[in-house]
Amino acid sequence: MSNNLNTNRTFNFSIKVYYEDTDAEGVVYYANYLKFIERARTEMINACDTNLKILHKDYDSRFIVKICNLDFIKSAHLEDVLEVKTSLKKLSNASFVLNQNIFHDEHLILKAEVVIICINRDHKPSKIPDFLKKKIQQLIS
Amino acid sequence: MSNNLNTNRTFNFSIKVYYEDTDAEGVVYYANYLKFIERARTEMINACDTNLKILHKDYDSRFIVKICNLDFIKSAHLEDVLEVKTSLKKLSNASFVLNQNIFHDEHLILKAEVVIICINRDHKPSKIPDFLKKKIQQLIS
Amino acid sequence: MSNNLNTNRTFNFSIKVYYEDTDAEGVVYYANYLKFIERARTEMINACDTNLKILHKDYDSRFIVKICNLDFIKSAHLEDVLEVKTSLKKLSNASFVLNQNIFHDEHLILKAEVVIICINRDHKPSKIPDFLKKKIQQLIS
Amino acid sequence: MSNNLNTNRTFNFSIKVYYEDTDAEGVVYYANYLKFIERARTEMINACDTNLKILHKDYDSRFIVKICNLDFIKSAHLEDVLEVKTSLKKLSNASFVLNQNIFHDEHLILKAEVVIICINRDHKPSKIPDFLKKKIQQLIS
C-alpha cells in the first residue's frame, strides 16, 4: 500500500561549500551534490529522533538509494551557503520517494528525485519501521 | 537538428575500486559512480584525439552535465575492476545524450543516462566543435 | 620576523561524520581528515570577519598548505560528531603554523601540524594582510 | 628487528588528474594526494601477487596509516598524468615506512613519508605476513 502525498512541509538543511566541494571550473563538482542530499537525509533521520546506527542494530533496517534523477539548474560556488529542502513525494511499505531541491539565496541550484529502499542485513527489501514511517510523515508531509 | 541513433559501439573504460571509493557499508559510495562516469567521458574525449584543455582554449567549449538519471542495480566492492561502457543515445548541435552503464564481471552495477551541454565562456550553450562531433560519432555510434 | 607563541586559546569547529566520509573499514577514510581541518580553517577565517573571496579579491591573498604532518591516533565512525580544535603555533609575515587536533568525546582522533603560506596571484609568497594577522592572534593565541 | 634500507628501486604507478581531483584554485585539492598515494600502495600490494581481501581473510592482516608527513612542492592540474614513486625506507615486523613521491614530467609535486602499521581484526599490531615482507623487499629495496 502506498500513498501519493501533496507535500507541503520540507525538511531544511544548510550546507556551506568548501574547497573540497569545488572543481577546476570554480563551481561545485557535480558528484558532490549527492553528498549534500545524503547529509540532508541523514539529518532528516536524526530529526525523526533516531539515527542510522539504531536503525541498523535495533531494526535491521538500512536505506539504499535505488534511483536518483538529477537536474542541474545553476552552479554553486565556494563559500555559498546552500539550503537542501527535502519533501516527501511518496511513502510505501519498503520504500519512499523524496524530492530534494538545493537552493542558494532563493535560486534553485539542483532538483533531485530520489527513490530509497529499506533493506535488511541480507540486502532484501524490508518494511520501514512503523515509528519511522510515522515520524517521516509528521516531519515532511 | 538532432538524430536519434541506434548505438552499437560503446567506449569502454576500466576502473579499479579503491578504499577512497567505498563507504561504511563496504560498497562503493553512491556519489562516486558519478566520478567514474566522468572519468570515462574524459577518456572518451581523449580517444577523440583531443582533451579538455584544448577544447577550452582553442574552441571555447566546455561540457556540463545538465541531467543525470541514475539507476543503482547492484553494489560494487573494494578492488572490483569495473567497466564503464559509454554509448551515444542522441547527438544534437549543442548537446548530446550518453548511456553510461557500469559492469562488474558481466553484472550490471549502474545504469546512467547523462545529458551534456556544450557551453562557452559566458556559460551560454554553444555548438559542439564539428571535428569532435564527427569523432564522437565515429567512436560510439 | 616571527614569534613562537604559547597558545592557550583554540578555535573549535564541529563536524558530523556522514557516509561520504567513511570507507569499507567502517571508519573515516584517512584523506577526509584533511577536508575536516580545511573546513575548520575556512571557518576560522570567517570568524576573523572575512572570507576567502574577499581575501582573494581585495587583498590578492590566498593560503596554501605547504606542509602537513598527520598523526592518526584513533578511528572515527559514522555519525560521530568530531571537534576540530585549531591553535596557532607560529605566526610569521607570510606564513603561519597551526596545530589542528580532532577529538571525539574527549578522545584524540588526529593530530595535525599544518604550515600555511600566503601567496599572491603570481603564486609568490606575500605578506598576510595586517588586519587578518591581528584577528588570528586575537582568536587563537 | 628492523632494517634501515638504502632503497634504490621504486614502485611506479601513474594517475591521471580528473575534474573530481581539482578544486576552485584550478589545481589538485590537497587531500586528494592522499588518495593517489593510497592507490599506489594498493597497486604495490597487487604487484606482490596478493590483494587486500586475501590479506584480510587469509592472514587477518590489514594496513593502517599511522603517520603521514606531506610536503607540497608544486601544483598539479587537470589532465596531468602523475607518477607516484614508492620506495621503502624501513621495514619492521609489524610496520613499514614508505617514501611516496609524486612527479609530473620530472617535476616533484609532493613528497610523502608514510608510516604503516599492520593490524589484526582486534585492531592490535600484528606481524606482517612473511611472504609479503619478502615480496615488498624484492619489489622496492
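Points worth noting:
Which chain is which? They are A, B, C and D, in the order written, and residues in each are numbered from 1.
Simple rule for what comes next: a contact is a pair of C-beta atoms (placed from the backbone, for glycine too) under 8 Å apart; a residue touches a chain by one contact, two chains touch by 3 or more.
All values derive from a computational prediction rather than experimental measurement.
Across B-D and A-B, it is A-B that has more C-beta pairs touching. The most distant chain from chain B is C, comparing centres defined as mean Cα coordinates. For this pair, chain B with chain D, the centres built from the Cα atoms lie 29 Å apart. For the pair chain A and chain D, the distance between C-alpha centroids works out to 35 Å.
Centre-to-centre, using mean CA coordinates, chain A is 25 Å away from chain B. Among the residues of chain A, those touching two or more other chains are numbered 19-20, 25, 31, 35, 38, 78. Taken together, the chain C residues at the contact with chain A in this complex read 16, 18-20, 35, 38-39, 42, 51-53, 78-79. Looking at the complex, you find that chain B touches chain C at residues 19-20, 22-27, 29, 31, 77-78. Against chain D, in their complex, chain C makes its touches with residues 25, 30-32, 34-35, 38, 62, 64-72, 75, 123.
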